[in-house]
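Chain nomenclature is as follows: A, B and C, assigned in order of appearance, with residue numbering initiated at 1 for each chain independently.
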Amino acid sequence: MANVLRNSAKFGFSGVLSQLSIHSRHGRECVSPCFSLQQRNNSTSPKIKVDLDSSTGVAVLRMQSPPVNSLSLDFLTEFCINLEKLEMDRSCRGLIITSTLSKVFSAGLDIMEMYGKSPERCGEFWKAVQEMWLKLYGSNMATIAAINGSSPAGGCLMSIGCDYRIMVDNPRYSIGLNETQLGIVAPFWFKDTLVNTVGNRAAELSLELGLLYSAPDALKIGLVDQLVPEDQVLSTAQDTMSKWLAVPDHARQITKSMMRKQTIDKLLSNREADITNFVSFITKDSIQRSLRMYLEMLKSRKA
Amino acid sequence: MANVLRNSAKFGFSGVLSQLSIHSRHGRECVSPCFSLQQRNNSTSPKIKVDLDSSTGVAVLRMQSPPVNSLSLDFLTEFCINLEKLEMDRSCRGLIITSTLSKVFSAGLDIMEMYGKSPERCGEFWKAVQEMWLKLYGSNMATIAAINGSSPAGGCLMSIGCDYRIMVDNPRYSIGLNETQLGIVAPFWFKDTLVNTVGNRAAELSLELGLLYSAPDALKIGLVDQLVPEDQVLSTAQDTMSKWLAVPDHARQITKSMMRKQTIDKLLSNREADITNFVSFITKDSIQRSLRMYLEMLKSRKA
Amino acid sequence: MANVLRNSAKFGFSGVLSQLSIHSRHGRECVSPCFSLQQRNNSTSPKIKVDLDSSTGVAVLRMQSPPVNSLSLDFLTEFCINLEKLEMDRSCRGLIITSTLSKVFSAGLDIMEMYGKSPERCGEFWKAVQEMWLKLYGSNMATIAAINGSSPAGGCLMSIGCDYRIMVDNPRYSIGLNETQLGIVAPFWFKDTLVNTVGNRAAELSLELGLLYSAPDALKIGLVDQLVPEDQVLSTAQDTMSKWLAVPDHARQITKSMMRKQTIDKLLSNREADITNFVSFITKDSIQRSLRMYLEMLKSRKA
């Protein structure tokens, strides 16, 4: 595989733009299928709202950062602080993650965090992405993603970081790790989490082609566990959570750790190298040029 | 995952008893879904009966220890001695394991071996459980489980230790590694065997929730290979065995070793630590209290 | 597993011949299900034909070595030279592999390369088999197998070395790693590739029993990705290829490497030992006797 990069200069992002326009032409929801762009907003209004029901021990975390719950550094920081608080709160045993936005769960990593930023800032951003996954995949709480809209790339990562996934039964909503379509590569721990969820072959096909699965297709390959009508996503998540919480916590937690520890340890022992890789890749001139083209395309589409 | 035990003190076996009564309320067979309790019986009548047909090279091992083929130290010792004899017998090429009891294949590990026993005795017991699995999962014989009744916990482990599983097509019979439901944790080699059989994600869900699958559901996730009517379990096992024995033995054996060696070696090189872990866990005051509650519940249910 | 070879002397190839005759009696295509025998032919006519469409960047490699595209040393050498040429050609991005023969994709390794040959020659042959797989499984090109006929043993290995498999929707065509049926053992890298494709349990069953799957059954377990009518295999492969080539090459290539590198590295670091194993096994008297019986059976079948 020494010459794996042989062709990398040959074909840039040429296919990407046409890909994206085809995407919207076909009538899917116009969530940018990988990165998302959203207006900067320096207000201190929270991007995340958490309600903990102390009678049930179940917290609902609502992502409320319009237009598409982009995973910016601010968003991720707020997300992780909330997660940590709940993790420390002995009255909280279960966590449901959902979105307040129409049609989108989360559109994934915020492209603005990767475009025209210093290497230091890019590194800080990537560390926050790692942190989000580490906290979620290794959480002691029972975690359920109530996926009430599209969930590409980083949104998909967040979903497969949970213990269980319930998605709206609507073929217009899609989910998947579609990074390859944009000319970038999902890092090894995205890949490991996907393999753990759907198996090696489905993950291989999915990652090499950067596939986005409609909700019904996602159910078929096991990327989500259950489909329900739009108005039942949250109530189903609550019902399902009560089954998870009927299991003695410590036995469930040790079992979860046994299943996930190896995957988590792999990132923990390669964390700095993973940040370095990301920063050196994303700050390349060719990648920055592609991101600019992509941003301009997104802007012109809005206009 | 450092704080995986954070909540362990918070929630004990509280959910377990209600869980169990729900279980029986729903009309399933009243096989204790994980551990089993059976009257002590110091007779020397064999708990296992073996018939080897020297014309076919196929042995049928019948478990006949009422009421539920609990895996006690005596039972396991007898099981392993029989297995070893067959393994050494060059006229024996195939082994079918089944039960003489109505409605139950094996209800799993005998709770009486874990309650009020000395650490030494607990360690001896656990070593016998390991031995049963090591001998079965690594057997040179072609091995088929003819699962003619429910098969929770240790009964499930015995089943997935075989090469092929045929179960009665009856939704009232269930199978699964349901340890978590009782507040205990299936050790890594139970987990590895389950992952090898049903894949990582099904194993994760199954172990974290301690799921028992009805026969049809077990077929769906690949926990068993085939369902047949009750009166055809043994004959189907015999027919299937003749297909296995049509394959040249040495090629099948080397292939089996290639598939299973890594999983077996993992226990072999951690055997003492695994025993120590089990003994220190099971002799804890909190666990012994839970076992007592569980025993009392089983007794009152009988009354 | 120390005594895994215990029975190896007991049962030779006794079951194999009857197996094979049963096979043909049931009306399957009479492709030798594992090794193939074909008339020696010292002509220099190419066994492989390659057409590269420079407008699309897609090469079609046609295997045209009658009667059954046996993988002889000459065939494999020609195959690897062609693969290398395409890999170096920057205008070639995708490769479709198919057969010009009726009813057979490839019948697998040429038995004549293993019968009555010197250890040196056997070693040279096995190195070429390794090389074929290494080049294919690690190719930078998008690779699609257009499986227009039966594809046992080495033919199956070639298929699962590709990125995607399209097979003729005809139950008379079969595919699988059926080595065990002939008393030989698929080496670890055949096994690893199969596990990566169909998962651990299906691979275990498949390899221990040496199963050949009809096209519909192959689709069910994921051994092939898609079935189409006979006259649409190549056109479907071309259409599918255009989807693969819509993905930016370098991202797809790095992702492919991430998925397959570990499996490839395992052979690379055990290459010599794997050759030694093969040579010492295949040159055994008992194996050579079995191959002679097999050859005589094939000859008498032809007569």
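Following the convention adopted for this analysis, contacts are C-beta pairs under 8 Å (C-beta built on N, C-alpha and C of every residue); 3 or more make two chains touch, one makes a residue touch a chain.
Model, not experiment: these values are computed from the prediction.
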Same-residue or different-residue interface between chain A and chain C, half as cut-off: different
Between chain A and its twin chain B, rotation from the CA superposition, multiple of 5 degrees: 120
Cα-centroid distance, chain A relative to chain C, in whole angstrom: 38
Chain C residues counted as touching two or more neighbouring chains: 199
Complex interface listing, chain C residues touching chain A: 87, 90, 93, 138, 140, 163-164, 195-199, 222, 225, 243-261, 264
Chain B - residues contacting chain A, complex: 1, 3-16, 18-19, 179-186, 188, 191, 199-201, 203-205, 207-210
